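Two complexes come next, and they have one chain in common, chain A, joined by chain B in the first and chain C in the second.
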Partner chain A sequence: MTRTALGALMSHWRRNPWQLAMLLAGLALATALWSGVQALNAEARAAYATAEGLLTEGGAATLEHPAGQMAEAQFAELRRAGWLVSPVIEGRATLGAARVTLLGIEPLTAPPGAGPALAAPDLQAFFAGQAFAHPQTLREIGATEMRLTASEAVPVGTVLMDIGQAQRRLGLAGQITRLTLAPDQPADLNPLATLAPDLRLIAPGEGATLDGLTQSFHLNLTAFGLLAFAVGLFIVHSAVGLAFEQRRAMFRTLRALGLPLRQLTACLAGEMLIFALIAGALGLALGYLLAASLLPDVALTLRGLYGAPVPGALQFDPLWALAGLGMTLAGTALAGAQALWRLWQMPILAPARPRAWAHASARGQRLQAGGALVLAGLAVVLALAGSTLATGFALLAAALLAAALAVPLVLSLGLRVSEAQARTPVAQWFWADSRQNLPRLSLALMALMLALAANIGVGTMVASFRATFITWLDLRLVAELNVTPASQSQAEELRAFLAPRADAVLPMLRVDATLAGQPGQVYAMTDHATFRDNWPLIAPVADVWDRLAAGEGVLVNEQLYRRAGLTPGRATLDLPGIGPMPVLGAYPDYGNPLAQAVLTEARFTAAYPDSPIRQFAIRSATPDALSAALQDEFGLSSSQIVDQAQAKALSLAIFERTFVITRALNVLTLSVAALALFAALVTLSGMRLAQLAPLWALGLTARQLAALELARALVLGAATLVLALPVGLMLAQVLLAVINVQAFGWRLPLQIFPGDWARLGLWAMLAVALAAALPAWRLWRQGPAQLLRVFAHDR
Partner chain B sequence: MTVRLVLTLATLFLAPMAHAQGFAGLGTDAEGFAIPERGRALVFPQDHGAHPEYRIEWWYLTATLTGEDGQGYGVQWTLFRSALAPEDRPGWDNRQVWMGHAGLTTTEAHFSAERFGRGGVGQAGVDSAPFRAWIDDWHMTSHAASDQDAFDALDVHARGPDFAFSLDFTAEGPLVLQGDQGYSVKSAQGQASYYYSQPFFTVAGTLDLPGGPVAVTGQGWLDREWSSQPLAEDQAGWDWVSLSFDDGHRMMGFQLRGREIFTAGTWITPDGRPTPLADGAVRFTPRQHTRINGRDVPTHWQIDWADGGLSITTEPLNPHAWMDLSVQYWEGPLRFSGSHSGRGYLEMTGY
Partner chain C sequence: MHALELQALRKSFDSAEGTVAVLRGVSLVLPAGQSLALTGESGSGKSTLLHIAAGLERADGGQVIVAGQDVTALGDAQMAEMRRGQVGLIFQQFNLIPSLNVAANLSFQARLAGRHDTAFTQMLAQRLGLEGLMRRYPEQLSGGQLQRVAIGRCLAARPALVLADEPTGNLDEATGDAVLALMLELTALAGAALMLVTHSPRLAARCDARAHLRAGLIEDAP
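Showing the complex of A and B:
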């Protein structure tokens, strides 16, 4: 019996292969987008874990000097006082063709970790210069005289070696960057505050951890994945719902033949489970391909923005596959629950009237209106009261859902108005019939509206950001050359060499510090027209540059200004080793995840005398000649000298990459929405024959009918596009004023780009036309025969 | 310490060295390490210090103690040196690896701790004048007067996660050269080391135990040994005792377990005159085993030296004196009885 029932149920899909294809495609796409995003996030997080586990398992406290370096003698002193510390040196160096982070460790004293484990099998070789790097880093470095061994345990872009070897290569003999503390220390030791008062103790997980810095980036990705998943589920829901409606007569027959309700329900549930498994597997494969193709860009973005070492190659994790499949099953259950519930509730001999659906829809519309109002209210509350990234996203979700729920209502209203305006019978029928069919299309139209709004919103946000960023970059990157010295001694030589040859040599000095409780950095600024003329400031006090030059206060970056609420002129900022300093102004600092403060060079070097010069910004009228002189005189490599154009290109490239993923997901979401509309139109076209046949009988040609069908789709699509515009702008505003401020710490002005909308509108109408073309074409080609049959089968 | 690092270090410190065979009588092996030679006179205080041109070396202190509570205690403080290259370069280029072991035995418990470090940067090392051996905050420092031997007065400290000790060692007799004037043969094939001892310490100080500090007094023994070829390839481990007789005599004895047993020892009079005991003179017979960490360890021994009329049986203060460290072995205090009686220390490796 079950077999017969299943056969009967399945015959529906055989007769409607398009519907089946839509169902599977929707489910597979939803799974692909969601699991693809998850794979990207998981890969990045695994890379962070690798990076943090390299030195110690599960994280260790560290001791650091505000200047960024300390004498290695402090290591032996603390050891001899009983403290179990291990020295680490870290710095940037050029190896072969790549610029890498050299990480030097002392394996005998290091707490357990992946790095010491690599060193252990052959201490002799490690002490003598054996180094470890990720295979990808090895490829980037290319030929070198070093003994490099490949290891996946080392994060991309890092080369692990013995501390002595690393000191030599970095030109930092006798210096260390930090001390890691073993997790268990002996009792009754002299306190560190007495033994090493100049060192800062940083607890594990404190400070600028990659997980913390990149959290907002991954949250953004996840939000997009969820949006795509939700749009995909719209397709599934409409396909399942329609298949259910179309099989009502079959259900009734099966029940009348004696199939128990329980068994019928089980059959339908089993059918959905099979589809979910097939589509899930397909979606996982697609998701993996999607993630693998996007990962290189994501990796570059994460490296550029946060310095996070993410390899460009994707690993396959079975757990990820299981989780993705779980999500597909849950999504299918969600999308199919309503249909199964209705089946369970259906009286055995209920008439198989398609009209029943329309009646039920009227009730549904009232519910929808209520839902939209509640969600809109929630969005308003969140907008007023929320202040975290999570509430920002909740606000977005509530506002978008409210808008989506409102779509059929507004469209219905618009159609009613048009109907009232219509004069000819065909026009009146056109509007009335559109309204009659709106409930069946509403889900697809909602999905389309969401995708369009997301496109407009994200597009506007990116374009606004881009415009602001480029202006800012032009102001910021005024130095003709940026030179990175290889060592402290070279820095001094460079300064002496450059002083008579350049218009200005502006050293870049920096120390790591906790600013208002956040991981951050303090920079020194030389008083120079370069900064006075070009740095745009937010809410500066009067005579800000003179007061800064006099050492009366600090400038903070916008991130710190917003997060810590430091109002210039009123607030003070506690600087380590200096104490509270008045905040004089805030400056935009796009692309930097850390808090930042700037004070005058004199105050800086007085407070942090050991801080090394990390870079020189050089003003010169003849940068090319100077660059050549530097290469001849100091043998500086090309990676140590960056000219203005290169710097700008680099920054822009990082910026563009940041939104590659956003754009890719945007396009995919729109495609899914178009597919949803197509699915709805195709399935609808089969059911609508009965409604069209009388018109044909009244004298309209099949061609006219097909044109009307196409027109209807375009009218509805256009109306949806118009509705999506304000929703998209609202989305952009929330992204710029709420999400960006929370996630990155900067607020950007909203700029309008109508050209982009026009382009999107064209694409959207093209997608709608394509979606409507097939059903219309079918109506036109096979019209009369099919339409005639309607009367033959008339019930 | 990660497992692999531990294994490497264990290899460094204990395994027989494949390349440590004598090299054409030139006094160095294939990698340039010096090889002990019979007849080289030991010179003090220089030989109290480190010999970086030899592969391995140790400063090995043990003490049998009695607390103010009347309980027996045992303490071990050892600094091992293992060279990756036969020289002592400054800074991180240094190839001398140092390992500290500390043990504290009570009747109920046995505590142990270890430290590792590289020479050249001040974390660990040995200075010969004034004498000081240290790794981290563990140290053995001489405070002897300038006309005395550096080992005449030592102040010793070590600390583990759950114990610590600070002890004063005062020598009541002379240094004793083991083997042939300090040249101690370790196998029938001729592997040998330089080996001397200070067996006449009286000890006083404090043990810090989880239950609180305990004042202790007792006797101590210091072994100094260095070599580049400590064991023959077939030798799996050794059993070593230092004995302090109630009548003031001292005795050192060991057996190296290989295809054949190789034994050696020294009988020491109360005024410090040594009599070397040739291979086979001393016999070690296990009398009772204790199950520790899945191994059967012979913790009770019968020791016979027929020519000297000695036949004793030993009983450990705590049979579970297992040094559960990167390099694992048994080391603890004992009492002995039979033809003679007294206290001593037992070390057993390779079980």
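Showing the complex of A and C:
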């Protein structure tokens, strides 16, 4: 019996292959976008785990010097005192054709980890210069004299080698970057604070971990994936709902013939399960391809922004596939639940003809309006009271859902007004008929509105960010040249050489520090017009530059200012080795995930005397000549001298790359929404004949009717676009003023880009026209023959 | 001038069994202001003939003249214009426009044809007993009410020719009789000719003339 019933139910899809195709496509695309994003996140997180597990399993405490380096002798002292510590050196170097991170370890003292495990089988070879790198890094390096061995256990962009070899290559003999502590230490040792008071103990997971730094990036990606998934589910819900309406007569007949309701419901659920499995598998394949194509850009972004070593090639993870399939099943259940519920509630003698949707859904409209109001209220409450990233996203979700629910109501109102204004009978029919068919299209239009609003919102946010970023870059990168010395001694020589030749030589000194409980850095700033005239400041105290020069306080970056609530003039910031310092102002610091504080060079060098000069910002009227002189005198490589244009280009490239994936997901979401509309219009076109045939009989041509059908889709699309505009601006404002502040720590001004909206509008209208073109074309070409069938049924 | 003149109409359809000739040279004349009942068994071609007369379908051969105009070779646009201006159609399934209320449905074709006369439409609504239903939508009406709206819509446009395909087929006998009586009376009032397709000899007997279609040809009425 079940098989027979299932066969009868399936016959609907055989007769409506387009509808089935749309259902499967919607589900597959939703799965693809969601699982694609998840694959990217999983790949990145696996890379972070690889990076963190390279030196120690499960993480280990480390000892670091604020200056970033320490003498190797300190390692020996602590070992003699009984502490189980192991030295590590880390630095950037050019190997072959690539700039890589050299990571030197001492395998005999290192705690258990993936790195020491690589060295263990042949220690002699390791000490003699064998090094390990990720296969991708090997490809990037190309030909080199080093003995490099491929290993997936080493993060991309890193070369693991013996510490002695690394010190030599980095020109840092006798220096180390940090000490790792074995998890289990002997008892009754002299405390570290006594033995090495200048070193900072950093517990596992503390400090700037990749997971912590990149959390916001991944959360944003997940949010976008979820939005795309939701848009895809609109298609599924719409297709399942329409199929339910079309099969009402069949349900009644099956039940009248003796099929129990329970079994009928089970058959319908089974049918959806089959579709979910087919579409889920298809979606996973598409998701994998999508993730594989986007991963190189995501990897570059994560490397550029956070220094996260993410490989550019995707690995297949069965767990990811299972999770994706689970999401598809859950989504299908969600999208089909209403149809199953309605079937369960349907009396056996329910009218066989499809309901007159517009009138029968009046109660639904009231519920929808109520839901929209509740969600809008929730959004207002969250906007006023929320203060975390999670509440920020909840605010976005509530506001977007409220707006989506309101779309059919507002459109219905607009159509009613237009109908009242119509003067000709065709116009009157056009508006009335559009209103009557609105419930059948409303889900697709809601999906379209969400996609358009997301495009406008995210596009406005990115464009606002871009405009602000470029202005900020112009102000921040005023130095004509940036020179990176190879060592401290070279730094001193460079300073002496540059002093008489440049207009200003501004050294960059930095120490790592924990600032207001956050991983961060303290910088030194020379008192100079370069900063006084150009650095934009947020809420500075009076005479901020004079007070900073006098060493009376610090400037903090916007991230630290907002996250720690450091109001200039009132708050103080505790600096390691200095103590509390008044906060004098905050400065924008886009793209930096770390907290930052700036104090005058004199205070800095007094507090951190061993800190090396990492870079010079040089002001010069003749930068090209100076650059040439530096190369002649010191043999500096091109990577050590970066001019202003190069620095700006590099920063802009990183910025643009950051939003490649956002733009790609935007386009995909809009495509899914266009597909939703296409699915709805194609399904509807079969049901429209009975409504259009009388018009044709009364004297409208099939061509006119086809044009009116196309016009209807365009009018509804345009109206949806108009509604999406304020929703998109609201979304942009929330992204700029709430999400960005919570996720990244900076707040940006909202800027308006009507040109972008016009371009999006054209694309959207093109997508709508394409979606409506096939049904309209079919009506036009096959019109009279098809329309006449309606009257033939009269016989 | 005749409201409808059909000369040697031929029409065939392709089917699984081969080509089936439905009309094999039908000729008939319906004078202006007269009514004609077209009877015949199921599948005899009554509806096909009516569709061809209405310009909904094209004949394979022969000539169709509506209100003095030869419409046989008209293009789609001219055919649509002819339907708007000269022909009124009444169907068994009513075929009202579900998104418009009764008032809008009533005046729809008249406005489409550019000859909407509010007073005449109101008079029709009154005669058809639709005055209290003007703001209702088709789905809120009974079968008899729906057919009365369909008749009103057709006559409000003052067509030269009314073509009715089993207009009472979905109604009970009493309602059907009442609807037909109104249709005949109002058609006469509007000065239109009526061709009524029906199975019922009883209804056919109420028309001025009768024609019987058998095997694709008109034969004398039984």
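Assume the second predicted complex is superposed on the first by the 787 of 795 C-alpha atoms of A that agree within 3 Å, B and C clash if a C-alpha of one lies under 4 Å from a C-alpha of the other, contacts with A are read in each partner's own complex, and residues count from 1 in each chain.
Keep in mind that, in the parts below, a residue touches a chain if its C-beta (ideal position, glycine included) is under 8 Å from a C-beta of that chain, and two chains touch if they have at least 3 such contacts.
All values derive from a computational prediction rather than experimental measurement.
S.K.: Touch check for A:R200: first (chain B), second (chain C), both, or neither?
M.R.: Neither partner.
S.K.: For A:A73, is the partner it touches chain B (first), chain C (second), both, or none of the two (neither)?
M.R.: A:A73 contacts chain B only, not chain C.
S.K.: Please work out whether A:A81 is in contact with chain B alone, chain C alone, both, or neither, and reply first, second, both or neither.
M.R.: Only chain B; A:A81 stays clear of chain C.
S.K.: Where does A:R303 make contact in the superposed view: on chain B (first), on chain C (second), on both, or on neither?
M.R.: Touch partners of A:R303: none, neither chain B nor chain C.
S.K.: With the two structures laid over each other on chain A, which partner does A:H237 touch: chain B (first), chain C (second), both, or neither?
M.R.: Neither chain B nor chain C is touched by A:H237.
S.K.: With the two structures laid over each other on chain A, which partner does A:I163 touch: chain B (first), chain C (second), both, or neither?
M.R.: first
S.K.: Where does A:R440 make contact in the superposed view: on chain B (first), on chain C (second), on both, or on neither?
M.R.: neither
S.K.: Give every residue of chain A touching chain B within the complex, in rising order.
M.R.: The touching residues are 72-73, 75-77, 79-82, 84, 106-109, 112-113, 116-117, 119-124, 127, 162-165, 167, 173-174, 184, 186.
S.K.: If you look only at chain B, which of its residues touch chain A in the complex?
M.R.: Contact set of chain B toward chain A: 1-8, 12, 84, 91-93, 95, 97, 116-118, 121-123, 134, 136-137, 159-161, 164.
S.K.: Touching chain C in the complex: which residues of chain A?
M.R.: 356, 358-359, 424-426, 428-429, 432-433, 435-437, 691, 693-704, 784, 788, 790-795
S.K.: Residue numbers of chain C touching chain A in their complex, please.
M.R.: Contact set of chain C toward chain A: 42, 47, 51, 54, 56-57, 76-77, 79-85, 89, 91-93, 95-100, 104, 107-109, 111-113, 137, 139, 165-166.
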